[in-house]
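Down below is the structure, laid out as C-alpha cells.
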Amino acid sequence: MSWLFKDPVLLAAVLCTWLPFLSMAVILIFTRHKPQLSSYISIGAVSTSLICALYLLIKLVHVGEPVEYRTAWLIADDIIIPFGYLFDPLSLLMLLIVAVISFLVQVYSLGYMAGDPGFSRYYAFQSLFAWAMMDMVIAPGMLQLYIFWELVGLASYLLIGFYYEKWSAGQAGKKAFVMTRLGDIGFFLGLILLVLGFGDLGIVAMNEAAQAQAIPSYLITASALLIFCGVIGKSAQFPLLTWLPDAMEGPTPVSALLHSATMVAAGVYMFSRIFPFFAASPTAMAIALAIGTITMLLSSTMAMATYDIKQVWAYSTVSQLGFMVMGLAAGGYFAGVFHLTTHAGFKALLFLCSGVFIHEYHSNDMRDIGKGGGRSLKIPMVCMTVGALALSGVFPFSGFFSKEAIMGVLAAYPNKIWLLAGLLGALMTAYYSFRLIFMILFPKKVDATMPHDAVHYHQEKDDKIQIDHEEAAAGHGAAHGHGSSHGHEEGHGNVFWYMAWPLIILTTITLVLGFFQHSLEGFLLGHAADAHGGEGGHGAGHYALLIAAVSMGLAGIAWAYYEFGRKGASQEGFLARLPKTQALFANRWYIDRFLRRFLDRAIYGGLTNVFTRNDRRVIDGGIDGFCLFTIGSGRLFSFLQSGMLQYNLLVMVAAVGLVVLYFVV
Amino acid sequence: MNTLSTYLIIAALLFGLGLLGVLQRRNLIGMLISIELMLNGANINFMAFNRFLAPEPAVGQIITLFVMGLAAAEAAIGLSIILALFRKFRSINVERAQQMRG
Amino acid sequence: MMKWVLFIPELYYVLMAVVFFALSLQRKSEPRRLYTWAVILSGVGVLVAVLSARLEGMVFFDAYRVDLYSQVFKLLLALGTFWVVLTCSELEGIDSRQHAEFYLFTFICTLGMMMLVSAVELLTIYISVELSSYCLYLLVAMRRKTDEFAETGIKYFMVGSTASGFMVFGISYLFGMTHTTYVAELMKVLPGMMTEPAAIVGLVLALSGFFFKQALFPFHIWAPDVYQGAANQVTTYIATASKMAAAAIVIRFVGFSGGESAVFIKLLVVLSILSMTFGNLVAIIQKDIKRLLAYSSIAHAGYMMIGILSMTQRGYASAIYYALAYLIMNFACFMVILKIADDGHNLKIKELAGLHKRSPLLAMTLMLGLFGLAGIPPTVGFTGKFLVFAAALEQGYLTLVIIGMINATISLYYYLIVIKAAYLLEPVNPYPPVRVDKWTKSLAIFLVIAMVYVGIFPDQFVALTEAAARSLFI
Amino acid sequence: MTSMEMAHFPILTAILMSTVLGLIVIMFIPDGRDKLVKQVSLVFSGIGLILCLWLYHAYDVEKGGLQFVERTLWVKSLGIYWFMGVDGINLPMLLLTAVVLFTGVLTMWELENRVKEFFAFTFLLVAGVYGVFMSMDLFWIFVWYDVSLFPMYPLIAIWGGTRKEYGGMKLTLYLLAGSVLILPGIIYLWAEGGAHTFDLFELARGGFSPQVQNIAFLMLYLGFGVLAGVWPFHTWSPVGHVAAPTAVSMIHAGVLMKLGAYGILRLGMTLCPEGLVYWADLMALLATVGIVYGAFVGLAQTDLKYVIGYSSVSHMGIVGLGLSTMTVNGINGAVFQMFAHGVMTALFFSAVGYIYDKTHTKMIPDLGGLSKTMPVASAFFIIAAFAGIGVPCMASFWAELLVFISAVQTYPVRGIFAVLGLVVSALFMLRVVMSTFYGEKNERWAHIPDVPMSLATPRIILVGVIVFFGLFPRMILDVIQSAVIPFVSSL
C-alpha cells in the first residue's frame, strides 16, 4: 500500500472515491440497526470526500495537462480495462459539485428522513450513489465511466423505490431502470463498436484521435450516435424522458440529489467529457441538438400542466437538461458545462425547498401547500424564490449567466430556429416556475374546481405515504417531535435547521456563482480559452440577445403574475381554457401511453405470449408427448406377448421365417 | 430318387409338419408329438448327410441315436408337466394356460 | 490319467448331485440341514472352480476343451449357483418335501452348463444344452401350487423343445455343410461358406437354440412368463447362472462365422436392436418386478449382442465382461427381491414402498443394482456397456451404439420407477419388517462393493476377459 | 511430464476424496444423529473448500498450462488413464463447486427429513462434479458426469417441492438422455483416434479428419448442450428447478449446468476444433435465441423458481454465445460467466429457498410486499437479481461484457440481438423483484421471522464472492486467461 501514501493526490483521490463505498459496506453489514451511527458514518465519509475534492481542486487547479492515474482493472487479451483517475478541469469541477451536493443532501436528510424505518438503508444507498457518481466523474476511460454509470443507475433505482411499501415507487424505480437501461444498451453498443474499430477507450485518447481525425468519420458518427443513446436515457431526453417525473416517488432529498443536480446530469457530463469526439461528427451533433430542443420544449409544456410541486421541478429538470444538450450540441462546451454547474446548485435548492414544504404539509400539491400557509415558512420561501429566479434566468442569479452563455452559442449557430426555440423555452420556464411560486405565495381562498386528471392520482398516493411516514416517525423514539408543529420556524429545533442550512448555503451559491463565470471559463478551457475567443462571452453584438432573453424571462414572470399572482387572479392559467391542450400536456404528450401500449401489445401480449406458449406447448409438450409415445409403444408391443402359448410361438416362428426368407431370397 | 436332396426335402417337410403341428394343435399331447416330428426331421438330415457326404460313416448315426434318446427323456418330462396341468385344469387344452400376459 | 484333473469341477458337481440324489430319497425332509449342506458344498464348488481356473487341455477325444475361456465361465457359473443357494434359506416357493430335488436339479443343471461352456463338439454341445434345459423345465414346474406353476412349466417346456428342435435341425445342416462336428474344424471351414444360404440357415437355426437360452428377441417369449411363474429362487437361477452359459455358447457359435458374412452380422444387428427396443419398451408397463426384470433381461441380451457382433477379440472380451457385470447386478436385484418376498410370493413394484426404512442396506443394494442395469457409473454395469460400445464403435457401428444408448435411457425410466418405489413411496399399510440375517447382510455388502469395485477398477478384469477371449481362438 | 508425475502431494485426488470420504463417513453415522451428519458434512465440504482455495492460491498463473498433474494408467487395453490436472479453465470451476457445496450444506442446516441420505446423495453428486472438472481423461469425465447426474433423481423426488416426482423424473431422464450422444461421441473419437487412448491431450494431439470432427462435435455439443440448457433443450431446467430442494437447486443450477458448457469447451472444442468451426454458426444462433427467448418467457412466469430457471436459460445462452465466438475474449467471458452465473444462481436459489421454506409458496402473486417482513432475505434475492441483470461490480458483468464484445465482433447481428436481450432480462428481473418484495406489507406472512444469522452466513458468503470478483475481476480472469490464450491459439 505504500504506493498510495507516496502521492498525496492519489491518496486524496482514493479516499474521495472509495470512502463512500466503505461506508456503504459498513452500514449494510454492521450498523443496519443503528440508524444514527449509520448516518454519521455516511456523512463522515462524504464530508471527507468533499474535503479531498476541494484539496484536489486546489492542488491541481493550475496543472495545465490532465493528470492521469491508471491501473489495469481487467486484462482480457487485447482489451485492457483500466481503473484510474483522470483529473482535468471538467472532472475536478464535477467532482466538487457531486461532493458538495451529496454532502448537503445528506445533511439535509438528517432532518428530512428522521425517524424513517429505513434510515440506515437510506444512508447506505446514498453512499452507494456517492461512490458510483464520483468514480464515474473521474473515470479516465469510457468503460470505467460506463460501469459506474450503470451503478449510478442502480443507486437511482434503489433510492426511487426507497419506499418499497408503495407500489408506485417500485413501478417508478423499475421504469427508471429499464428506460435508462434501454439507452445504455445503445451506449454499450457504441462502446463495443469503438473498441472494435478504434481499440482505445481512454477519454483523452479518444478526444485527441477524434480531433486529429485518426478515426474514420463513419465510425465516429455511428458510435457517437449510439453513445448519445446513453445520454438520452440517463438525462431523460426525448423519447425516454418520462421516467424522470415518475422518479419523484423517491424521498425529496433523493430527487434533489439524483434527479436534478447530479445523476441526470451524468448524461450531459458524459457528453461534455467526450465533447471533442462528438464534435468531430456534425451529424451526431445536429441530431443531439434536435433532440435537446424537442426535449426542452416538450417538458416545459408538461410542467405547465401539473400541480405537483416536485413534478414541476422534475419537468423543469428535463427541460434544462435539454437546454444543456442544446448548448453542447451547438458547440458551446463551456456554456453547457457552466449551465450544468449552476443548474446543479439552483435545482438542488429548489428541490430541497420543496422538500421542506412537503415535509411540513404532507402534500405535494402546490394548492394545498399554498392553502396550508406555505408562505409562512420564510427561509424556504425566500430560497425557493431565489431558485426560481435563477431558473428563469434573471440577473444577478447564476442561471442568468449560464443561460446567456447558451443563448450566445445558439445565436452563433447559423440556423436561428434553435435560438427561437431557446427563447420560447425561457419564456415557458419563467412562466411555470412563477406559476408555482405565486400559487404558494398567494393561495386562492375559494376552492377552485380544477380538472384533476393525472395530478390527482399522485396527490392521493403521496398523501398516503406521507401519513405512513408520520406514523413511522411518531413511533420512533429518536424522532424530533416535529409531527404536530406547523408553520412556525421557531418551534422546529434541530430537524428544521438540518434542512435549513443546506438551503442557505445553496442559495448563497446560486447568488454568487454567476460572477465566477470567467474564472470558471478560464479554468475549464485552460489556455485554450483565449484561442476560442471566449465563446461564452457576450460580444457587443450580443446585447440585443441579452435583452431579448432577459425580457423573455421577465415576460414569463409577468404572465404568471397576471394569471396567478395578482389579486383576484383566477389561478387557473390559460391552459384551463384549452382543455385538449391541457390534457395533452398533462398526459405528457401521450408518450407514456404509447410506450405502455407498446410494452403491453408487443412485449407482454406479443412476443412473451408467443414464446411462452411455444415453450409450454411445442417444446415441452413435444418432449412429454415423445415420452408418452414411448410408453404407449411399450403397451403396443406388449400385445406380442399375449398369454397364449401358440400365438407366442407363432410370433417366434414368423420372425425366424422372415429372417430365413430374407437370407435365402 | 435316391439322392441327397430327396432326403433333405423329406426331412424339411417333416420338420415343417412338426412345426405346423406345434403351432396349430390345441392338444398338448399333440404338440408334444409334433415336436418329436421336428426332431425326427433333423434325424433324417443327419442320416442323409452321413450317408452321402461325410467321410466318417458313424458320426451322423451316433448323433441320431443320441437325439432319439434325448427325445425320449424330453417326452417323459413333457408328459409329467402335462399331467400336472391336467390335474389342475382337468384338461390338456393349451388354451387353458394363458393367464400370464403383457 | 492326469487328464481327469481337467474335469474336476464337473466331477465335483456330479458328486454333489449324487449326494443330493441320495438325500432326496430320504422320507423325512429337513430343509435347514439341506440348506446348510447345499451352501457348504456349493461354496466348495466355487473354490474348486477357482482352483481349476488355470487348467488347460483337451479331454474326451478333443470334444471337450478346458481353457481360460471355459474356466472363467465355469467360475461364473459356480459363483452364480453358490449365490442362489445362499439365498435359499427361506425356500418358501417350493414344497419342503422337494427341497432336496431342487438342489439336485440345480446342481445337475450347473453341471450341464459347465459342460456346455467346455464342449467343442456339436453333439456334446447338444447334450449339454439338453441336460441343463431338462433340469430347468423341472425346476420351473416345481413351484408350490400357485395358479401359475403348471402354465409356466408347460410354456417353458413347449418353447424350449421347439427351440431345441430348431437347434438340432440347424446343427444337422452345419454338419452337412462341413462334414465335421468339431468346433475347431468348423471354425476353419465355415467362414468360407458364409455366402451359401444353407450355411447361414444352419447357423441361424442352431443359434436360435442358444438365443432361446439367452432370451434374445424373438426367442424371448418364455422369459416373462417363466420369470414370473417360477419360484423366486429358480427365477434367480435362470436369470443369473443360466445366462452365463447362454452367453458363453452364443459367443462361441457366433465366432464360427468369423465375421466373414455381412448378411449374418446384419442379422445380428437387427436382432440386437429389436431385442433391446422390445425389452425396454414392454418393461415400462410392467407391475410385477420379476416380470419387469425378465423384459430387462431381454434388453440386456441385446446389449451383450452388440459386443458379440463386433466379431473382434475386444468384442468377445467385452461381452464376457458384460456377462460378469450382468451376473453381479442382476443377482443383487434378485437377492433383494428374495429377501423382501421371503414367503415366496411374487413381488409387485409397489410392495417395495418404504424399503429405505425397512432395510436401508437392501434398498441401497437394489438401487446400485438397478443403476448398474441401467448403465450408470460408477457401477459395473456402466463399465460393461462402455466396453461393449467401445468394441462396436471400433468396428464403426455408430448408429447401433446410439440406439443402444437411447435404449439405456428408456430403461432408466422403469428402473427409476422401481427405485422410486423403494426410496420414495410410503406404504399404505405397513409391511412387515424385512429380516436380514448376517449372511444376507455380508452378501449385500459384498455385492455393493463388487459392483463399485469392478466398475471403477476394471483393469484386471478386462485383462482377464481379454485373455479368455484370446483362448477362444487358439 | 512423465517424470514429474505424482511427485507432489495429490491435491486433486485429495479434493475429490474429501467428498467421497465424506460420503462414506456419513453413511456410517447411525440413524437419528442428524446434527452430527450436518456437522460432518460441513467439515468435509469445508476441507474441500480450503483445499480448493489453497489450490487456487498455489496455481502458478505465470507458468500457465496444466498443473498438479496426476497421471497413472488405469485400464491398459483401452488406454484409460487416471489423469487429473488443473488449468485456468477448470480451476475457477473447482472453486465454484467448493463454494456452492459449502454454502449449500449451510443452507440446508434446518433440514429434518431423512438428513443422512440427503447429504450422502449430495456428496455423491458433488464428487461427480469435482471429478468432471478435474479429469483430463474422456472415460473419467464421462463417468463422473453421470455420477453427478443420477443422484438428482432421489434428491428431487424425495426432498423436492412442486410436482417433485414428475420434475425429478423429467430432469433425470432428460439429462441422461444427453449422454446418449456423449458416450458414443467419446468412444467414437477414441476409435477414430488411432492411438486408442482416452487421454484428452494425446487424442487432441493426434487430430481427426474434418468429417469425424463434424460428427463428433455435433454429438458432444448436443449431448452436453442438454445440460448446459441450450435452447431448445432447456425445458428440464425450469421444471427441475421448481421441483428441487434448495441446496440441490443451488448445486444443480450453480454447478451442474456448468458441466455442460465445460464439456462442450473441454471435449468438443479441444478435440474437434474444425467441427467447432463448422457448427459455430448454429451454436451462436441457438445461444442467441436462448438469451432472448429465456428472458421473454421469464417475463410471463409467476413462480419464482420458474423465473430463475428461465434466467438460467438466458444466462447460459451467454456462455454458449461466448464459446461460439472462438475468440479469446469470448471464451474468457464464457468461463467467467460460468463462474459468475454459478454463484449468482446459487444465491438466487438459496434466497428463494428460505422464502419457500417459511411461506410454503413461491408464487409471486401470493408473496408481494415481502421486504417488509423479511428484509434480509429479500435483500439477498434482490442482490442476486442485480447480478443477473449484469450490474457492474458484480462478477457476471465482466463476463457479459467480454462475451458481448466478442459476439458483436464475430456475429454482429446476433450479438446485437443478444445485447438487446439484456433490456428484457432487466425488465423481467425487476418485475419479479417488484411484485415479490415491493408493495404493502403482506399480513399473511407478518409472523415469519427474517433470516437468522446462521442461515444468512452462506448467503453472505455468496454475495461476498459475487462482489469480490466483481471488484477484482483480475483475480479470476488472469487465471482463466492463462489457459484460454494457448487454447485459442491452438484452434
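Order of writing sets the chain letters: A, B, C and D. Residues in each chain are counted from 1.
One rule holds for everything that comes next: contacts are C-beta pairs under 8 Å (C-beta built on N, C-alpha and C of every residue); 3 or more make two chains touch, one makes a residue touch a chain.
Being a predicted model, the structure only gives us computed values, none of them experimental.
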For this session: Starting from the Cα centroid of chain B, hunt down the chain whose centroid lies farthest away.
Result: A
For this session: Select, from A-D and A-C, the pair of chains that is joined by more C-beta pairs in contact.
Result: A-D
Problem set entry | Most central chain, Cα average position | D
Seminar exercise, completed: CA centroids of chain B and chain D: separation to the nearest Å works out as 64
Problem set entry | Inter-chain centre distance, chain A versus chain D - centres from mean C-alpha coordinates, in Å | 37
Seminar exercise, completed: Whole-Å distance, C-alpha centre of chain A to that of chain C, is 77
Seminar exercise, completed: When centres are defined as mean Cα positions, the distance from chain C to chain D in whole Å is 41
Exercise. Counting only residues that touch at least 2 other chains, which ones in chain B make the list?
Worked result: 19, 22, 94, 97-100, 102
Seminar exercise, completed: Where chain C touches two or more other chains simultaneously, the residues are 154-155, 158, 162, 166, 224-225, 282, 285, 413
Seminar exercise, completed: Residues in chain A with touches to at least two other chains are numbered 627, 638, 641, 643, 645, 649
Exercise. Hey, which chains are touching each other here?
Worked result: A-B, A-C, A-D, B-C, C-D
Exercise. Which of the residues in chain B end up touching chain C in this complex?
Worked result: 11, 15, 18-19, 22, 28, 31-32, 35, 38-39, 41-43, 45-46, 48-49, 53-55, 59-60, 62-63, 66-67, 70, 73-74, 77-78, 80-82, 84-85, 88-89, 94, 97-100, 102
Exercise. Tell me, which parts of chain D touch chain C in their complex?
Worked result: 74-78, 114, 117, 139, 142-144, 146-147, 150, 153-154, 157-158, 165, 169, 172-173, 176-177, 179-181, 183-184, 187-188, 190-191, 215
Problem set entry | Of all residues in chain A, those that touch chain D in their complex | 72-79, 143, 146-148, 150-151, 154, 157, 161, 164-167, 169-171, 173-174, 177-178, 181-182, 185, 188-189, 192-193, 195-196, 603-604, 607-609, 611-612, 615, 619-620, 623, 627
For this session: Using the touch rule from the top, collect the residues of chain C that touch chain B in their complex.
Result: 122-123, 126-127, 130, 134, 137-138, 141, 147-155, 157-158, 161-162, 164-166, 168-169, 171-173, 175-176, 179, 181, 224-225, 228-229, 282, 285-286
Exercise. Hey, which residues of chain B end up touching chain A in the complex?
Worked result: 19, 22-24, 26, 94-95, 97-102
